[in-house]
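Down below are the structures I want you to see.
Each of the next two complexes has chain A plus one more chain, namely chain B in the first and chain C in the second.
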Partner chain A sequence: MKDSLFTVVRSLIFVVLALILCALVFQLAGYNAPVTLWAVLDGAFLRSGAIEQSLRWALPLFITAVGVGISFRAGFFNIGAQGQFYVGAISAAFAAEAVKGGPAFLVIPTLLLAGMLGGALWALWPGLLRLRSGTDEVITTLMGNFMAGLLLVYVTSGPLKDPSGSGQQASSRPLDPAYRISDSLGLSPTIIMIAVVVGILMWLLVNRTAFGVLASLAGRNGTMVEWQGARLWKLGLSSFLVSGALAGLAGTIEFMGPNGRIASGFLPAHGFTAILIALVANLSVLGTAVAAVFFGGLASAALYLPIMAGLPSAAIDIINAAIALFITAKSTFIDRVMRLGGPKT
Partner chain B sequence: MNEIIISILRSGTPLIYVTLAGVIAQRAGVWNLGLEGLMIIGACATILGIMLTKSVGAAILIAILACVLASVLLWFVIDRLKANPIIAGLGLTGLGIGGTALAVQSIFGSQATVTAPFGIPKLGPAFGSYGVLSVAVAAMPFVVFAMWVVLRRTRFGLRLAACGEHPFAARSVGANPSRMRLAALAIGGVLCAIGGAELAAGSLQFFAQGMTAGRGFMAFAAVIFGAAHPVGATFAALFFAIVGALGIRAQLTFGDRIPHDLLQALPYLATVFGVWLSGKLRGGAKAASSFAELRDQ
Partner chain C sequence: MSNSPQSALECRNVTVKFGDVTALSEVSASFAPGQIHAVVGQNGAGKTTFARVAAGLVQPTLGAVNVMGRDIRTGQVSESRAAGVELVHQSFALPPSFTVAETMEFGATGKGGIYSRKGLAEKWRAHLAGLDVQTDLNRRIRDLPIETQQGIEIARALVTDARVLILDEPTAVLSPAGIDMLFARVRRLKERGVTVILILHKIREVLGIADTVTVLRGGRKVEGPLPVAEVSGERLANLIVGEAVAKTLDRHDRDALVGTKAPAHEDTDQPVPAAGPAILSMKAVSTRPDSGGIALDGIDLEIRPGEIVGIAGVEGNGQKTLVRAISALADLEGGSINLAGQDVTRQPLAVRRRIGLRIIPFERNVEGLSLTSSLWQNWSARELLQGSLLKSIRPAAIRDACDRALKAWSVHYNNAGQRAGSLSGGNAQKVILAREIDPDAKLIIAAQPTRGLDIGATAFVWQALRQARDRGAAILLISSDLDELFDISDRVVVMLSGRLNGEFHAPFDIGLVGAAMTGAAAGASA
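Then we have the complex of A and B:
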C-alpha cells in the first residue's frame, strides 16, 4: 500500500516537472507562463461549469484508459486504443442504421453492445497475431490505428455520408435524438452510470478475480505463469478483448452522447491521452479515475485557451506530450530521494 | 508516365530521408516513434530559417540543429532517465506537432500557413521534365547508398547493430551502447531535418500546422516493413509513396467509385503482413520493448 502511494507521488513529480518544462516553453514562445498555466487551471476546474465540462471529457477517457491499463497489466503493449475507439463508434453507427425505428430501451443497449463488439474485434486480430505468431503488438496496433482512421474517413464520406453535410469535415448522418444518451454538452446520468459500472467491474476484475491476479503476474513473468498451469494465450487474448471493448464503448458514448454523429478524424488524441492516463495512474483502476479527471480538465481547457489566454489549443497538446516524455522515466535521483523515508528494498 | 514518377519522387523523397533516420535508430535498438515530431520540426525550422536568413543553406543548418537537439532530448529521456522509448517517442511527436503550431502562432500571431519566398534549389532545365524536382531528390540515392555503406560495411555500423541486438555482448567488446544510441539518434535527427526540409521547401514553399500528416509514422512502418535494412526500408518507403500516388491518380480518374481511402490503408496492411511474415520466417519476433521493466518500477 505504501509502495503504491510512492509510485503515485513519483508520477505526480514527473507531471509537475513536465508542467514546469511547458511553462518554460510558453515563456520562450513569448507568452506569460504563469498567466497561461492559470488559464489552464481556470478553464479546467475553477470557471463556473468547468467541472461539468471536465467530467464530460474525463468519463470516456476513463473508460478507454481502464481498458488500456488491463492490457498493460497483462504485459501487452496495446497502443491501439485510438483505432478501437474509432471502430467501436463506426460499428455503433452502422448498428444505428440497421435498427432504426426500434424502441429506445432496446436500441440503446444494442448500439452500446455493437460498439463494444467492434472495439473488441479491432483488438482481436493484433491479439491473435501476438499470441499465435508472436507478432509485435506495438506495430500491429499502431498500424491498426491508421487503418481505423482511414476506415472512418471512408464510411463518413461513403456509406454513412450525410448528404446535407458541407464543409471540410465529412460526417455521418446524425443519430435520431430519441437514441441519444446525452445532449451536446455530453454529461448525463446514463454516461455517468456507464462509467461507474465500468469502473466497479474493472476494479473487481483486477483486484478480486483470479483473472486479474494471473494477468498481473503474466505481465511480470509470463513463462512462470504458464509453468504454473495458467493458459497464457487465453489470459492475453481476454485482456486484448477487454481493452478493445472498453475503447469501443468510449467511442460509442462519444457517438451517442455529445457528438450525435461520427466525423472523419474526430477526437484524434483520445487514445493517446488514455494511454497517458493509464501510465500516470500506474495502471491502478482508482488512480485511473483521478488521472482521467485531470486529463479531462486539460481537454476541456483546450477549448477555452484561445479565448482566455490567446494561446492556441496546441498548448494542451504540448502539456500532454511533455508528460508523455517523462512519465515512464525511472530517475534514480527521485527514487533515492523518495527512498529516504520509504521502505528499504 | 513522367508525371507519375515525378509525383512519386516528390512524395517519396521526404519519406525516404525520415525512413533512413528510423533505420539507424532501429539498428541501435531504439524504436523511434518520434520521427513524426522530428520531421515537422525540420519542416518548420526550414521555412522559418529561410525567412530569417534568406538562405536555404543556413535554414537547413538551423533545421538540423533543432532536430539534433530534439533527438538528444529523446536520447536523454530514454537512455539516462530509462523512460519507455515508445511512450517517450510519441511524446516527442506531440511536442513537435504542438511546438511548431505554437511557434508559428507566437511569431506571426495567427495559425495560418507560412509561406517562404523561395525553397530548395531545383535541378533545372538540364534534367528535362525532371528539372522541377529539388536537389534533395537527386541526392537521395547517394544518401541511401552512404547509409548502406555506413551501416553494413563499417566498424561503426556493425558495432551499432551489435549494440541494438545485444547491448551486453557489445559492451563486452568495448562498445558503449549508450553512446552508440546517442550517435544513431543524432544522425537520425540530421536525416529528419533534411526530410522535413524537402517536405516543406522541396516542391512546396510553405509550412502549415500538422503538415507531416502521419508521414513520420509511415516512415516508421517502412522501417519495420523493410526489416531495418537501409535499402529494404527505402524500397518500402517508395512502395508507400507509389500506393499514395496511385490512390490520388485513381481518385482523379474514377472519382468516388474507387474507395481510395481504403487503398491508402494498403501500406499499413502490408506492414502488418510483413511483420507477421518475418516473425514466421525467423520463428517468433523479438519482444518489442522490455515492457516488463516498466511494471517493476
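Then we have the complex of A and C:
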C-alpha cells in the first residue's frame, strides 16, 4: 500500500514538472505565469466550493480510470474508455426510455446495469478481435471511440432527440428527475457510494484474488502464464469487459447525475484523462484515487481559468497534454535507468 | 611472421567490471604463436568476456592487450581486426537469407557494388575450398546444416589474413561427429600458421585438440597456459571446479560436469525403474510445424514412474515441439497422448497440469518466469491456477509459503517481493524447480534445465531431478549436453528431424548415440 502511494507521489513530481513547463509557455505567450498557476490551484482546491467541484469530476474519472488500470495490468491496452463511456451512457438513456414510469428503486439500478452492459459490449468486440485474430486492440478501441462518438450524434439527433432542444448540441430528452442520482452540481451521496463500492471491489479483485495475481503476471509475461496452463483469453477478455463496464458506468453516472441527459460530443476528453490517471497511478487502485482527485481538480480549475487568469479554458488541454508527455517520458526514463542498473552476465 | 614474437596474443592484468559485477579480475596470459590454445572454465568463469576483450568488443576497466608483440588500443574492434584477431561467436551471426557467396562478400568486406551471383561464387570458391568448407556457394545460409554454417563463419573470419582466431564455445552446438570435423579444421589452420584460441568447457575436448590449456574460475586465471601434455584430466577437473567444490561432488557427476572422458554412465547402483503403467505414453504423435520448431513425425514414447529418459539430439530437431506437444501447446495432427492413465490428447495444459504434469521450460526467462513480477507471484502461479480465478487469496500467507519453499530449495534472495529478474540464473532456475517439483508431480519435463548455470547450480538441478525420480516421478530430460544426459538418464532416446532415431540403455556409447544424432548409421536403435 505504501509502495503504491509512493509511486503516485513520484509520478506527481513529473506532473508538477509539466505544470512548470506550462507556466513557462503561458509566460512566453504573454500571460502571467504565477497568476495562472495560482489560479489552477485556487480553482482546484482552495476557493470555496472548489473541493466539491473537483470531486464532482474526480469520481467518474476514478471509476473509468480504475477500469483502464485493470485492462492495462492484464497487458491489454484498452484505450477505448471514451467510446465505452459513451456507449454506456447511450445504453442507459435507451433503458430509461424503456422503463419509464417504474419505481425509482428499481429503475435506477436497472439503468446503472444497462450502462455497464453497454460499456462492456463496446469492449467485447475489440477483445474478441484481439483474441480471435490478433487484431491490435489499440487500433480497434481507438476506432471504437470515433464510432461511439458518431453513434452518440445519431442517437441524440435521431431516436432519442429532444424536440424542444434549442442549443447548438443535439441532446436527448431529459431524464425524469425521479431517476436522477444527483443535481446538476454532480456530487451526491449516491455517486460517492458507487465510487467507493467500485474502489473497494476493484481493490479486492486486484489484490485479494487469484485473478489479480494471474492477470498481473499475464500482463507482464503472457508466455510464462501460458506455460502454467492459464487461458490467456480468459484473463484478457474478462479484464477488458470489467474495464468497459466501468467506463460505461461512469458514462451512466454523468447521464443520471449532473447532465440529466446525453448530448452529442459531451465530455469528449473523459476517457483519455482516465488513461492518463491510470498511468500516473501506475495502475494501482489507491493511486488511481489520489490521481483522480488531482485531475478532477484540474478539470474544475479549467472552468475557473478564464475568469481568474484571462486564459481560455483550453489551456487545461495544454496542461493535460504536457502531463501526458511527461508521464510517458517518465516510464521510458525509468525503464532506461533500470536497464543500466542491472547488467546481466 | 618471419621474426616471430614470443606470443601471438598476450593479456596483461586485464580486469573487466560491469557495474558491480567483476567479470574478469587481473587476468594475465600469453599465448604462443602457431599453436592451439584452450581456455576453459565453468559458466560464469569469464571465458566469453576474455574472448570479447581480445576481439576489442569489450573495453577492459584495466589492463593491456598485446598482439604479435605490439600493444593495441583496447575496446576497438577495428584495432583488434587490424592486428589480426578475429572472433567467431557462440551464436552465429550469419544473415539467414543470404547465399554463401553473398555472406562471404558482404559479411567479410562490408562493401557494396554491382555483382553477379556467378562472379561472387567464383571469387569465393577457392577460399572456401582451401578451408575445406564443401558447399554450393549459391545455397542460402538458413538451408545449411549447422556444421557448415560454422565452417562459413570461420572462413569469413579468415578472409582478412587473421593470425589469431578465437572460437567461442564452438563445440556447444555440434554433434560428436561435427566436433571431429571442427577439430580437423582447426588442426589444418594450425598447419597454416594460424594461432587458434578455443573457448571450451569439456576437458576431453581440451585434451583431444589443444597444445596448451588456461583455466579461468570466477573471473580469475587459476592456471595456464599449461602444456596439455603435462596435465591430467583429473587435475584439470579440480582446477575448473575448485578443490573445495570438487570434494562435494560425486565422481561421476564431476566427470560429467567437466567432460573429463567420454561419458557412458557406468553406474550399477541405479534403482531399477519401477515396473508399472507408463506415466507418459505417446503413440504416433505428429504435429504441424509452428513458430516454435519443426513438426513431430510419428513419435512413440513411453516413460515409466521412477525413470529419467534423456532426449539427445542436435538442437532444432524437434525437441521444442516435443515439449510443446506434451504441454498441449502444439498443433497436433495425429496420434494420442496419455498421461497417468488418462487420455489427454484433447485436454488443455491446465488439465494436464492437474494430473501431474510439470514443466521446466527451455526459456527460463520467458517461459519459466515473469522477470518483472515478484518472486511470490511467480512461485504461486501454478497453485493459483488450480482453483477458481475469483478465489480469494491472502498475499501475506502466500509470501510466507513462498519464503519457506525458496529456503527449502536454498535460493539466495532478499525477500519474496523482489523481482524475479534480479536473481542470478542458478537462483532463478531454483525458483522454477521450487514451483514445478512438488509431491504431486508425476511427469516432469526438464528442458535444458542447466543451460548457463555454474557447476554448483548444475549439480543441484541434477540432484533435484534424481530425488524426484527416486520418489517415483517420471522425468523427461532434454539436453544438448551428452555428458549431462549420459550421467543422469536411465535411458536415452535420440531425436532427428522430428522423429525418434534410436533408443539406448546405459552404459551409453557416445559413438553410437552420436551417429544416431546425425543419422549417419542405421541399425543403432535397440
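Definition applied: the second predicted complex is superposed on the first by the 319 of 345 C-alpha atoms of A that agree within 3 Å, B and C clash if a C-alpha of one lies under 4 Å from a C-alpha of the other, contacts with A are read in each partner's own complex, and residues count from 1 in each chain.
By definition in this document, a contact is a pair of C-beta atoms (placed from the backbone, for glycine too) under 8 Å apart; a residue touches a chain by one contact, two chains touch by 3 or more.
Everything numeric in this text was worked out from a predicted model, so none of it was measured.
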Simultaneous placement of chain C and chain B on chain A, clash or fit:
fit
Taking the superposition as given, does A:Phe94 touch the first partner, chain B, the second, chain C, both, or neither?
neither
Which of chain B and chain C A:Leu279 touches, first, second, both or neither:
first
If we overlay the two complexes on their shared chain A, which of chain B and chain C does A:Gly229 touch? Say first, second, both or neither.
second
Would you mind checking which one, chain B or chain C, touches more residues on chain A?
B
Applying the document's definition of touch, where does A:Thr135 land relative to chain B and chain C: first, second, both, or neither?
first
A:Asn221 contacts which: chain B (first), chain C (second), both, neither?
both
How far apart, in whole Å, are the nearest Cα atoms of chain B and chain C in the superposition?
6
Chain A contact set shared between chain B and chain C covers 220-221
Show which residues of chain A lie in contact with chain B when the two form their complex.
7, 10, 25-26, 29-31, 72-73, 75, 77, 79, 129, 133-140, 142-144, 146-147, 150-151, 153-154, 157-158, 219-221, 272, 275-276, 279, 282-283, 311-312, 314-318, 320-331
Provide the residue numbers of chain A that touch chain C in the complex, in ascending order.
204, 207-211, 213-214, 216-217, 220-221, 223-231, 234-235, 238, 341-343, 345
Given the complex, residues on chain B that touch chain A span 31, 33, 73, 77, 81-84, 86-88, 90-95, 97-99, 101-103, 105-106, 111, 209, 214, 217, 220-221, 224, 256, 259, 261-262, 264-265, 268-269, 271-272, 275-276, 279-280, 284-289, 291-292, 294-297
Can you list the chain C residues touching chain A in their complex?
18-19, 21, 44, 327, 329, 348-353, 359, 361, 363, 366-373, 377-378, 380-382, 384-385, 387-395, 421-422, 425, 452
